[in-house]
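Here the chain labels run A, B, C and D in written order, and each chain numbers its own residues starting at 1.
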Amino acid sequence: MTNSWTDLQNSRCFLIAGSNCAENHPIAMRWINRARDKGAKIIVVDPRFTRTASQADIFAQIRPGTDIAYLGAIIRHILVNKLYDKDYVLNYTNALYKVSKGYKFDAGLFSGFDAKGKKYSIDTWGYQLGPDNKPLKADSLEDPDTVFAKLQEHFSRYTFDKAEKITGIPAAKIKEIADTFCQAKPATILYALGMTQHTTAVQGIRSYAIIQLLLGNVGKAGGGINALRGEPNVQGSTDMANLFNSLPGYLPAPIGTDKTLRDYLVRNGSIQEKPLVALLKAWFGQSATKENDYCFNYLPKYNLSVNASMVRIFDLMNKGQFKLLINIGSNSLVSIPNRQMVRAGLAKLDMLVVSDLFEIETAQFWREPGVNPAEIKTEVILLPAAFVYEKDGSLTNSGRWIQWKDAALKPLGESKPDLEVLDSLFRRVRQLYQGSTDPKDEPVLKARWDYGQEPSALKVLQEISGYDETTGKLLPTLADYLKAPAGSVSTGCWIYTGVTGNGNLAARRKNGDPSGLGLFKDWSYAWPANIRILYNRASCDANGQPVDPERKLVWWDPVARVWSGNDGPDVVDKTKGPDTPEGKQSFRMNPEGVGRLFAAKYTSGMPVTPPADNLSPIGLRPAGLCVDGPLPEFYEPVESPTSNLLHSEVSSNPLVVIPATVPGIQKVGKPEDFPYVLTTYGVVEHFCAGGVTRNIPVLNELMPGPFAEISKNLAQKIGAQDGDTVEVASARGKLRVRCLVTDRLQTYKVNGKDTETIGIPWGWGFASLSPGPGANELTIGALDPGAGTPEYKACLVNIRRV
Amino acid sequence: MTRKMVLADTSKCTGCKACTVACKEWNQLPAEKTQLVRSYQSMRTFTPDTWTFVSFDENYSGSQMHWLMRKAQCFHCADPACLKACTSKAISKTGSGYVVIDADLCIGCGYCAENCPFGVPKVDDQKKKAFKCTGCIDRVENNLKPMCVQTCQTGALEFGERDELMAKAKKRLAEVKGKYPKALLYGEKEMGGMTHSYILLDSPEAYGLPSNPAAPLALTLWKDIIRPVGTVAVGGAAAAVVFGILGNALRGNYGPPESGKGGKE
Amino acid sequence: MAVERLKVEGQVAEGKVLRFTGGERFSHWLHVVSFFMLLFTGLGVFTAGFHPLMSLVGGLQIARLIHRVVAVIFVLGAGAMFFIGDSRYHRDWLRSAFSFSEADKKHIKAFTAEFFGGHAAYPPQDKYNGGEKINSLLTICGSAVITVSGLVMWFAPNFPAGLVDWAYPLHDLAMFVMTAAVIGHIYLSLIHPGSRASISGMLTGYVPEDFAKAHHAVWYEQAAENKSVAK
Amino acid sequence: MKVSRRNFLKLSGLSLTALATGLGLDPEIAQAKGYALKTEGSQKLPSICHFCSGGCGLLLYIKGDRLIHLAGDPDHPANGGTLCPKAASLRHVAYAQERVTKPRRRAPGSDKWEEISWEDALDKVARKIREVRDSSWKGSEQLPDSKTGRPVSYAVNRAEGIAMLGSAEVDNEESYLLKKFSQILGTPYNEHQARI
C-alpha cells in the first residue's frame, strides 16, 4: 500500500474495485467506517454483489476482466472536463514531458511490436531528450507532443457508451462513479487480486495510477493506491524477493549477459550499485571484495527468455526439469490454476519436501482420489512447521509495517520454525561440500551464515537491517546507509535498513497518534525509514507547504531549513528545500523525480560524453517499465464471450504467456462451447487454499463448502434450484458443486448480448476436515506478461444441472 | 450495576460471522456440522451449542439489492417470556439488563424454549439443561465488553449504558434512514425493552422477526391468571375445610354419637 | 333390567348397605394413588419450591419419569375399568354425573351450610347426591383435560406450536381444579362428622344403614325393595 | 378421626406453606452472582495474526503454559482488540490434533506415510540437494551477445534441477533465508504466492 490501513479514516471517497475487502481484509471496514461516519462515500465495482457491496453507496456489477474499459472512460472524463489537479499534474507528473516522435498506438498495438517474438521493442516509448540527455518539457499542456496530449488522444476512444457495451455497466452509472470519485478529495483506491489476477493486470493498476496522479491523490493522507496484500507476510516475502527475477529490496536479479558488476549496472543504473554490493557483503562477508566484484559471479544468472514465474515453474516441472522441490508454506495443488499441470509436475519430481502445519493437499498429491500411488515415484518428506505464535520473527503487513512478535507458545510436538529447518539444512549442505575445490561450490563454502547454534530470528533481522562492515556495528538508520560508501556497509534488504538500528524498532508498541491522521509512527517500523505515507512530498505545494490544512503530513520548515512533519518526509535530502532540484522531487524513486502518467523508457543521469575505451555508458536510474505498453489499453481476457470492441483484430493482450510445454494441457475454450464467464474468489470464513482454515471446525461450520453462485435467469435456464448439484466445466476440467441461486448476480448486456457470470470460491481440496472440489480444476494458466499472474478472475465455462 | 445495552447497527454489519467464532471461543462451545441454509447463512437457528449466528436475507427490488444481515442472539428482554415460563425459577434478570439461566436450577423442561417468541433458548437433551446467549455476563460483570462486541471489526456492534447508547442509536437511525427509508429501531420498547437492540434496514418481517413480539397469550394466561387463581382456589378449599372442621367442632358435631346430635342432618 | 342391575348393589348385612362394588372401589383407589403420585411429581416440575422434595423419589429427572409412567397406568387403568368386569356401575356413575335432578340442585344449595356443620333441608337423594355429582363432574372433566394436555406436552414436537402453548396452562388449570376438589372431598369423606361415615363405602363397600337412609334415601328405598326380593 | 386443636394448626400449617411456594411470587431480580473471569491470573502475550495482511494484533492468554484464550490485542492501533472470524478461531490451531507434529516420509510408490526422525529427514534432504545441485549444474549457456547479437557462451552458475517455493506465510527472517539459501545454492527458481 502507498498508505496504510489506519490512513483509510482520512479518505472522503473509496473506489473499491478488484477487492472484496469486507470479506478478505475485514480490518479495512473498521477504518472505512470511521471515514464513512465523517461523510465518506463508498463505490464498489465487482462482478458480484459481495458483502463489501452491501456497504456501498454506489455498486456496479462489471463483467470480469474489463476494468480498463470503464477506468479509461473515467480518465477521458477527467481530461475532457478538466477535473484534474492542474498544479499537481504540472509539478508532480511527467505531463509536460515530450514523447519521442516514434511513439504510436494504432489498431490495438503500440509501436515496436515484434509479432514473431510476441514482444515489444520499447525504444520508441522514450522522451525527446535534450543535449544533456534530460527529457524536453513543453511550455503548456496544449503542446501536441506532450505526455498529456498522448493521454488525451489515447483515451479519446473510451466513451461511457463504449465502456457500457464492454463492461455491462450502464453508462450513467459509470459517469456517476466518475463524478463521485473526482469531486471528493482526498480519495483512495482499494484493490487486490480482483485487479491483479488478469492478463491485463499491470495495465489495470497503471490506470489507477493515472487516475490518482491526474486527481492529485497520490502522496496524501486518505489518498494513494492501496494494494490490499493477501497474506500475512506477502509484503515481506516480496520485499525479500522470493521471486526468480529480483533480489531483496527490489533489485533486478542478474541475467546471463551480466558478465560483470559493471554490465549489471549498465543495464540497471548506478543507483543499484550500493544496495547490490551491500547485499553481496551480507551474503559473502569478507570474501566479497572490490577486486572480485564483491562475489557478483557467485550469484546464479537467470535466462531472460525463461520467464520462470510460479506457474511456469510447474510447466518446467512437467518437462522434467526439476528433480527436487522444496515447498515451504504453500499449497500449490489447490492454488495453481489448471490443477492438472501441478498434479503432472509433482509426479515427475525425485523428491518433494513440504513444510506445513497440516497434511495439505500438495503433501499428499500421491494419494489424491483417482490417482494410483504405485505409479508416482516421488519421495515426499513432510516436515511439521511451527505456527506464527510459536516462533520469534517479524511480519510485514500491507501498510509496510514490520511487526515483531516473540514466541508465545512452544512449537507443538516436534514441529519447528522454518528458520531452524532452513538453517540446519544449509549447514548440513555446507558440511557435505566441506573440502571441495570445485569453483561452483565456492558460494556455499564462502557464504556468511552464522545465526547462532540455536538460530536467532533477531540476528537474521539484524543482518537484513545492516551493519557497518568497517566497525561491525549495526547501521542506525537508512540515512547512514545512504551516506556510507559502497562496500563499507552490508544490508540484506536495503529498504529495511534501520529496522534494528537503535534496538528492535519492529517491536515498538507505543500506540499514540498525536497527528490524529492514523500514522502511529511509534508503533513497529515501516519501511522505508518509517515513512508511513509514500510520496508524501506530493502533499505539499511548490513552496513545500501542505495543500490540505486538515491533513498535514510533511512541510518545509523555512526557519530550521529542513523538511519535517507528522510523517517522515519522503524526500531525497531533508536539508534541500523546495527551491532545489532535489527538494522539488515528489517521486524520488522515479528517474524523472515525478509521477509517470506515460511509462516512458528513460534512464536518468546518462553521461553526456561516452566513457573511455568504448565501454557502455552507465546511467543513474532506469525507469520501471511495463512490457506491454507505456499506457493502459483495454484487451479482452484470453477466454472471452465477445470480441474486442475497440480493435477486434487484437482482442486479448498480444503478449500473453500461456505456458504449455506439455501439448494440450492448457486448452483455450471458445464461447460457443463455454458461453458463461467464471470468476473465482475467497470467502471471509476461509483463507486462500484453506490449508489451515479447513482444519478449524468452527470455520467449517460457518462455511461448510464451496458453491457455484448463479443468477436466477441462468438457474431457470438450466432448470436448477438453490442447493441442487451442478457440473461446471471448462476446456481444461470440470467439477460438481452445490449451486447457490441469487439476485446478487444479475444477467447483463455485453455489446447487446445477454451474458451471465458464475462465481465459485476456490479454497477447497480433497484433504482436511472439510474437503470439497477446487475451482482451479477449471481456471486457465494464462499469465500477465509483466507480472506473471494467472487470469483466475475470468475464463469461460459451461454449466448443467446434474 | 447500571443497565447496559448492545446496539447492532445492521447497516454496518458485513456478515463476517466473527461474533459467532468469538462467542464459541470464549464460551468453549463445540463447532457443528452444517449446510448452507440460504444465501451465506449456515445455521438455520440456535442450538444448545450455537448461541449467536448471522442470518442472511437477500431482497432485490427496483434493481437494487438489499442484503439484510443480522446477528441473531438472545435479546435479553426486560419482560422475558422465558423467565415467566420457567417453572424452576432458574432464569433471572441481572441489574445490568441480562436474562441468565442458572444451570444448577435448570431441569431442562424446555418451557422457556417453547414460549420464547424468538425461539432462542434450546435444551441439550444429554445435559438436560437449556442454553442460550449469556450476554457474556461474566465479562460484563467484570467491566469487559461482551466477546461478540469486542471482536466486531466493522463497529456494527457497540456496548454501553442503556440511556446513552439508546440516544446515540436514535441519532444514528436518522442517518441510516437517508439510505434506507424503512430503517427502524427494534428493541427500545419490544418485550419491555431489549438489552440487545437493533437498527434494522427493513421491516422486522424482512428479517424473520415479529413486529410486536409478545409472550404467547397462553403463557400470560397460565402464569398471570391460572397459576395465582388456581393457588388461591386450592388455598381456599383448604381454608374452607379448616372452617368446616371449626364449624362442626363449635356445633359439637364431634361429640359422642349417642348425644342425639350425631347424624342430625 | 334396572331391577336386576340394582340387586347386587343393595345387599344388606347387619345394618349396612352395599354401596360400591369391588370394581368401583378398585377404580377409586387406583385414581387416588395415581392422582397423588402425579400431583407430587408434577408439582416437582411445575413449582420450584418442590424441587428439593424430589430427592425423595431419587431426583427430579426420575420424578419426571414416574409422572409419565403413572400417567399411562392411570389413563389405561381407569379407562379399562369402564369396559371390563361389572362396568355398568361405572357407566351409571358417568351418567349420573351429567344428569342433575331437582333434588340434586336443592342439595347443592344446601351443600354450603352442611359443609360448615350447619343443617339445611334438602330432598332425599339418589346414590350420588348433588355435591358428589359436582365432584364427579370436576374429576371427569379435569382428568380428560389433564390427559389430553399431558399427551400434547409429552409429544410436543408432533403437535402444532399453538396447541402446545395451550397445553401447559390447561394442564395446570386441571391440576388446580382437581386438587381443590379433592381437598373438599377428603374433608367430607374423612372429617365432616355428618358425611364421614361414607368412607366405609369405599373401604368395605358397605355404608351404615341409617347413613344410607339419611343421605341417600331414594337410593336406599330402591335398594330395600331389592333386598326383600333377594331374600 | 378426632382432630385436636394442635393437630388442626399443624395440618393447616403444612398446606399453606406448600401452597405459598406455588403462588408464583418468584423473586425476579437475582442477586448479582459473583462471576469468575476465566482469564483471571493468566499471562498475556501479544502476537500478530497469520491470515490476511492486515497485521492485526493478537493477545494470547496463557495459564500454566497452556493457551486458554485468544482475542484481539487492545493496544494494537490497527484492530484495537477486534478480530475477524478467522483470527478469532486461531486458538484452535495451538492444539489441533490434525496438525503434523512429527516428520513423515512417503517412499516412492507407497500409499502411506511412515514416521522419520528430524535427523534422518534433514540428512536425506541435504544429500538430495547436493546430489541434484551437482547433477543439474549448468555452468554456462549460449546467449546472443548484448552488442553483436551472435551467440556467445556466458557463465550462468545455475542449479537447474532445484526449485524452492515459498512463502508469503512465513516470517521475514525465514523468507530472507529462503532467498539467500536458494541464491547461494545457485537456483533462481525461487517463487511464491505473491505471484499468483
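Going forward, a contact is a pair of C-beta atoms (placed from the backbone, for glycine too) under 8 Å apart; a residue touches a chain by one contact, two chains touch by 3 or more.
Predicted model, so just to flag it, every value in this text is computed and none were measured.
K.L.:
Quick check for you: compute each chain's CA centroid and the global CA centroid, then name the chain with the smallest gap between them.
P.N.:
The most central chain here turns out to be D.
K.L.:
Out of B-C and A-D, which chain pair has the most contact pairs?
P.N.:
A-D
K.L.:
If you average the CA atoms of chain A and of chain C, how many Å lie between those two points?
P.N.:
So the centre of chain A lies 88 Å away from the centre of chain C.
K.L.:
CA centre of chain B versus CA centre of chain C: separation in Å?
P.N.:
The separation of the two C-alpha centroids amounts to 41 Å.
K.L.:
Find the geometric centre of each of chain A and chain D from their Cα atoms only, then give the gap between the two centres in Å, rounded to an integer.
P.N.:
It comes to 25 Å between the two C-alpha centres.
K.L.:
With chain centres defined as C-alpha means, what is the inter-centre distance between chain A and chain B in Å?
P.N.:
Distance between chain centres: 50 Å.
K.L.:
Which residue numbers or ranges of chain D touch two or more of the other chains?
P.N.:
Within chain D, residues 3, 15, 22, 26, 79, 82, 84-86, 89 contact more than one other chain.
K.L.:
What parts of chain C, by residue number, touch at least two of the other chains?
P.N.:
Only 46-48, 183, 191 qualify.
K.L.:
Can you list the chain A residues in contact with two or more other chains?
P.N.:
26-27, 30, 684-685, 697-699, 702
K.L.:
Any idea which chain C residues touch chain B in the complex?
P.N.:
Against chain B, chain C makes touches at 45-48, 51, 60-61, 64, 114-119, 156, 161, 164-166, 168-169, 172-173, 175-177, 179-181, 183-184, 186-187, 191-194, 210-211, 214-215.
K.L.:
Going by the contact rule at the top, pick out the chain A residues touching chain B in the complex.
P.N.:
Spelled out, the residues of chain A in touch with chain B are 22-23, 26-27, 29-30, 33-34, 49, 51-55, 57, 59, 683-685, 697-705, 707, 722-723, 738, 740, 742-744, 746.
K.L.:
In their complex, what parts of chain B are in touch with chain D?
P.N.:
1, 16-18, 20-22, 25-26, 83, 89, 92-95, 100, 102, 137-139, 141-142, 144, 147, 150-153, 223, 227-228, 231, 234-235, 238-239, 242, 245-246, 249, 254
K.L.:
Taking the touch rule as given, give the residues of chain B at its contact with chain C in the complex, in rising order.
P.N.:
Chain B reaches chain C through residues 85, 87-89, 105, 107, 109-111, 114-115, 128, 216-219, 221-222, 226-227, 229-231, 233-234, 236-238, 240-241, 243-245, 247-251, 253-254, 262-265.
K.L.:
Which stretch or stretches of chain B touch chain A in the complex?
P.N.:
12, 14-18, 20-21, 24-25, 30-36, 38-40, 42-43, 50, 58-60, 63, 65, 67, 69, 153-155, 179
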